[in-house]
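Two complexes, one shared chain (chain A), two partners (chain B, chain C).
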Partner chain A sequence: MARTEAVALRREATAAAWWRINATALLFMGPALLLVLVFFLAPVVITFTMSLTDLATSTGLSNWQWIGLENFARIFRSQFWLTILGNTVVYVAVVLAFNVLVGLGVALLTMHMEPKAGGVFRALWLLPRISPSVVYALLWVWAAASPPFGMLNYIVAPFGLEQRFWLQSDPWLIVILINGFVGASFGMLIFTSAIKAIPEDLFRAARVDGASALQIVRRITLPLIKWPILFVLVYQTMSLFASYEYIYLTTNGGPGLYATETWSLWAFHTALSNYYGNLEFAYGAAMSAILVLMGLAISIVLLRVFRFGQLVAEPRVEVE
Partner chain B sequence: MAAAVAERAPGTFRWSSLVPYAVLALWTLPIIVLYVWLFYSSFFPRIEGFRPIGAFTFDNWRFLWDPQSVPQMRNRPAILPLTLNTFIFSAMTSAVGLLISSMAGYAFSRLRFKGRRLMLGGVLLLHSFPSVTLLIALFVVLRALGLYDKLVGVILVQTAFALPFGIWIMKGFFDNVPWDLEMSALVDGAGRFRTWLRIMLPLVKPGLLALAVLLFVEGWNQFLLPFVFMPSGSQQTLSTLVKGILGEGRFVDYGLLTAVGLYYIAPVLILFVLAQDQLMRIYAGGVKG
Partner chain C sequence: MSKRTAESRVATDYRLSRRQFLIATGATIAAAACATPPAGQGAPTGGAPLGTVKLSAWTIGPDAPSYYRRDNLVAAADKLNAKLGSGTNVQVDATFESGGQWGDYLQKFTLAAEAKTSPDIILAGHENFAPWVGPGYIVPLDDLIAKYQSEGDVKDVIPTLWTAMKLKGKTYGIPQDTEARPMYYRKDLLAKMGWSKDMIERLPDAVKNGEFAWPDLVLWAKEAISKGLVEPGKGWYSRPSKGADIYMFYYQNGGEMQDNATAKLVITKDALQKHFQVHADAVLNDKIMTKTIYGMDAGKEWHPTVTDGKVLFYNAGTWTWKDWQATYKVAEQSLWDNVGFMLIPAAKRGGKPVTVSHPLAYAVTSNAKDKDLAFRLIANATTPDLNSKHSVTSAHLAVLTTQKDDPTYKQDKFLLATQYMLDYTKFIPNHPKFGIYDDVLYRFLGAVEQGQNTPAQAVDGAVKELQGQLGDELIVR
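Moving on, here comes the complex of A and B:
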């Protein structure tokens, strides 16, 4: 009798402790959960739901109707969707290559310098990332400006190239350069910390054995930062598919009809910023829905492949 | 450790050791040129290529003390309220973001609650998820909540976007604090909340400071959110001002534009110089490989 009572009491005490700890956790997590619910989860659901309606400025928030998959059918009926898809693939592929190769190059080169000098170079490469996007875009708009202003015209002049208004004549060059220089710093940071984590004995031993700098890079550094490289590749692929800020601020998808328009910019133009006056939220949401789905898929891959379980290991010790 | 890669036996200078400097200097040249021009151009009537036309002048900075004499500034909100808006926006996102991330980061680091694993997975998932794809849906959310075209709405969206990063960083900081200090406070009967506030937060102060600077800079730089969700004039920020002048046409006044741009970027550059090491570390630590 007394025994069962004691067990029951202990169980009660454990239950109370269980409640207490979950209530405490809820107190600490509450604000974050609320913001995530309203500004992440709800928008994901709304994006998919809205893509099945005809919501637009013309319908208002109350007079819309369900139209099934019509928005998606409309995307693929559009005269421009293939052009835009092509633009997107070229944009992502070329900028990704620029970002990863230059990021890797900067990381490797700065690691083979005096630490101070390496730090200065890395800070310079970080400048575009920490600059306001409008100011950074302004710098490239100037560089590409028509004569007599832009820097590019003065650089190509000695090579006998014609003076021009680069945003008009070579919009892709500017789009790739502006995104390339700002995106390279991401890989640079990841690769630098990955290289710093390599035990220095490996480099010492290689040098004692008479290995050249190039051999060290090829045989030691690169194989050991294989995973970070893969991570940056996957991560930046996704962020490039979703990003359009710098294109919007420079060519704005032009010149002319959709010359540098990418998928995400198309969605933005359709739903939030166009000259026709009718903002087609639902049609734009259908375009975004494809990107949101991709974003979720790639994020899940990142979690699974990059040792997610280890990152969320339980706290080591627990009081109470 | 960086030194180990570059290290050589003393007294054995080789010309080949200069190769990395030369190559990287060449690659970095465009960045240097662009930013030097930003400074340079704001103090001359006009610049053609790299050649200034006319004498050194503060004329481009007139927008600060005599905005009525600058045609491009006439139909725009005054510079001071815009600066104040930008400051309120970034200070609020930084403060609110810091508070919420340090609370959630503490819970993830120290409490074993139901759903922890799932939620931490969610944080990491959102961390790599491109939140900019949600802009169209957020437009509808803000409309429905009555927060569209209000500073509060944009602050909340910006704070939410920064949360996955902030929580992850804060969890890392708390993970590095040894258990002993906290344990003795808890054994003495202090509640979790008091322990967090009085013992833990002071211990991670350098981290808090670095995250605060980072969130502030991201808020200060933000363009798309204020541009899309706060379209009416009175609540705009400096980014929408620069975009407005930049978008006025093909023949823009680069003198004025660079002066306004430099005015806008100056606080960021100062913070970057002051807190460069911390920022560099936090940027690199934010994404785990």
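Moving on, here comes the complex of A and C:
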């Protein structure tokens, strides 16, 4: 009996100590935790739950039934799921490469320009990001219209290239460019601020030692902005994985058989966009649930590969 | 105390003397007399509530030439109020919603219906009712139609249109408008190819009689291209986006979309292959239609090109006749001089031509507090004068048999000249999963036109996909 009481007392003491240590942290974290629960975790739970039903416009909220994993089986019965998955991988990989390389290139180039000119140049590159999405997408749609219309056709004509309906003949080119320019401006902002944060002494010392511009970039700039590059890579990967708005507004997943349809657009089309009004919420939720699982898997891989723990550790400067 | 004794006591307690009975009877008669409006002012009929009743209605739009979809409901309120008398005053809040975007409009209604904030009356395409019946967003109208037979002119609705209003034997809508989707042709271009004026004017009859069939249309389109009258790819323009028009070429080749007995969706493989072949030939083999038709911008490219007289044949709705005048500023006389219209020619000579109609209809929602009044408002908007105003303004065909005698309607020679097309018309099916069916077939049509699939491959692929997605809701023939 006495032993039981002692154990209980020890437990109480441990709990009290835990609260003493963590109460303040919980107080500060509480609101954020609540937001995460309500706006991040709850939608995921709802999506997974909904994916096990047949909820659609034709059932309403009053007439739905549990159907187990039928929605998931239906996804894999479609002959296009692999095509759409492939599209998603290509879209994320190519646009990501464009975003990071072009963003980095613009940041490096503008940092080597006269400051005012560099500022103007960067401001121009920001235009796609600060333009409303629909306006920006429509500008592309009009620019890529079929001949004799479309600004792109006028641009390529002097080079002897055949005029064409770009959205139909080269849909991926348009999808990559439209997303790439928006994403590149994000990378450019992060990289520019990171480069500006590098102590000027390092560049001056390198120049005194006779380093060329290329050597300075390779030996000083790039190593010192390794973390911002990783941040942009990770952030943009996850962002692209779930984004579809520019594809929706330009090719809408076509032409023809899901040529540019990505997984998130497929889910959107199924759950929230149907020409004849019968929306399949649960089937779309099943697609979203798979998207969540894929996102989770990619997140874990990225966190491990890029050692995310170090990314959020104390700031530091690394010099080779 | 026995039960019998208690009942006797209650009866004794409430027994009236003769004087009390006479006073009570007199008072009741006097009260009833005071509550009854004087003759001539009209009493509320059909159990209408006293006082002001507000009814709300959603119609899609604003759609430039089709504003009577909303305005006719407002006008009908005056007719209804006159019938109801002074005791009841119906006020209508009818609005245009979603800027003419169907997807947004339908979604908005669905969400409103779930939130129990939907309007009393909704205007929608007949096929939109199918997914709304299951969750009970709209109510069947058969009892109300029977109850208010003399209200408005619902009894005069063109019989074939009722087919499109029914789902599993029940009626869910009252037709608001309908149309046909003709094949337009350029008279001036045919004349340049040596057609006499008489031949050009007789073309619609030749199509009607099966003397001018699809291969003839293709032949003349190729001829126009070879003679340089139109550019390659501009012999025929089909609809550039999703829509019921696409199915005209499936129906043309004997396709079926819904089984009458089971109401299941149907795919006719042979007709589907011919439908795909028509488009493959047009785009890839005969090159009478441009490959860029799929996804072409209707407002910025399709309409400007056809109204410029650069395309020989092009299929569109009857409403575009007015749209070309209102939006693209083509003078009506110029249209009459240069543009003709006919049914979609039969697949072979001697066959039956076809068109497709897509009636819009008013429905009463389950959220309507007074369904009788909501229906009566619709019924009063369904009259020759109001429907004809809409028809004439927007080039939509009559939905009432009596409209042909309406003075407004009779003055519109385009409507009179296209009305016969309803005898050849077909509808898209009323089925809750039609959206899936349509999406698959439209994507495969695109694949055929882009050369991604041959027609045979597209049929196999489409049937397999439809079977996977629709399961036993699909019948393959």
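Just so it is clear, the second predicted complex is superposed on the first by the 250 of 320 C-alpha atoms of A that agree within 3 Å, B and C clash if a C-alpha of one lies under 4 Å from a C-alpha of the other, contacts with A are read in each partner's own complex, and residues count from 1 in each chain.
Just so it is clear, a contact is a pair of C-beta atoms (placed from the backbone, for glycine too) under 8 Å apart; a residue touches a chain by one contact, two chains touch by 3 or more.
Predicted model only: the values in this text are computed from it and were never measured.
In the superposed pair of complexes, A:G103 makes contact with neither chain B nor chain C.
Counted by residues of chain A touched, the larger count belongs to B, out of chain B and chain C. By the document's definition of touching, both partners, chain B and chain C, reach A:L61.
Of the two partner chains placed by the overlay, only chain C lies in contact with A:R74; chain B stays clear of it. When the two structures are aligned on the shared chain, A:L272 is found in touch with chain B and with chain C.
By the document's definition of touching, neither partner reaches A:G183: not chain B, not chain C. Looking at the shared chain after the overlay, A:M113 reaches chain B, while chain C stays out of its contact range.
Contacts of A:L291 after superposition on the shared chain: chain B is touched, whereas chain C is not. After overlaying the two complexes on the shared chain, residue contacts for A:P255 are found with chain C alone; chain B is out of touch. Comparing the two interfaces of chain A, the one with chain B and the one with chain C have residues 61, 141-142, 145-146, 149, 165, 272-273 in common. Chain B makes touch with chain A in their complex at residues 1-7, 16, 20-21, 23-24, 27-28, 30-35, 37-38, 41, 46-50, 99-101, 103-104, 106-107, 109-114, 116-117, 119-122, 124-126, 128-141, 143-145, 156-157, 159-161, 163, 167, 179, 183, 186-187, 192-193, 196, 217, 220-221, 223-224, 228, 238-239, 242-243, 246, 250, 252, 254, 257-258, 261, 264-265, 268, 272, 276, 279-280, 283-285, 287-289. Residues of chain A that touch chain B in their complex: 21-22, 24-29, 31-33, 35-36, 38-40, 42-44, 46-47, 50, 55, 61, 102, 105-106, 109-115, 117-118, 121-135, 137-143, 145-146, 148-151, 153-154, 165, 177, 181, 189-190, 192-196, 198, 200, 203-204, 207, 213, 216, 227-228, 231, 235, 238-239, 241-245, 249, 264, 267-268, 271-273, 281, 284-285, 288, 291-292, 295-296, 298-300, 302-303, 306, 308, 311-312, 314-320. By the touch criterion stated above, chain C contacts chain A in their complex at residues 102-103, 106-107, 110, 113-114, 124-125, 127-128, 130-137, 242, 290-292, 294-297, 300-301, 432-436, 438-439, 443-444, 446-447, 449-450, 452-453, 461, 464-465, 468-469. Those residues of chain A that touch chain C in the complex are listed here as 56-63, 74, 77-80, 141-142, 145-146, 149, 165, 167-168, 251-252, 254-259, 269, 272-280.
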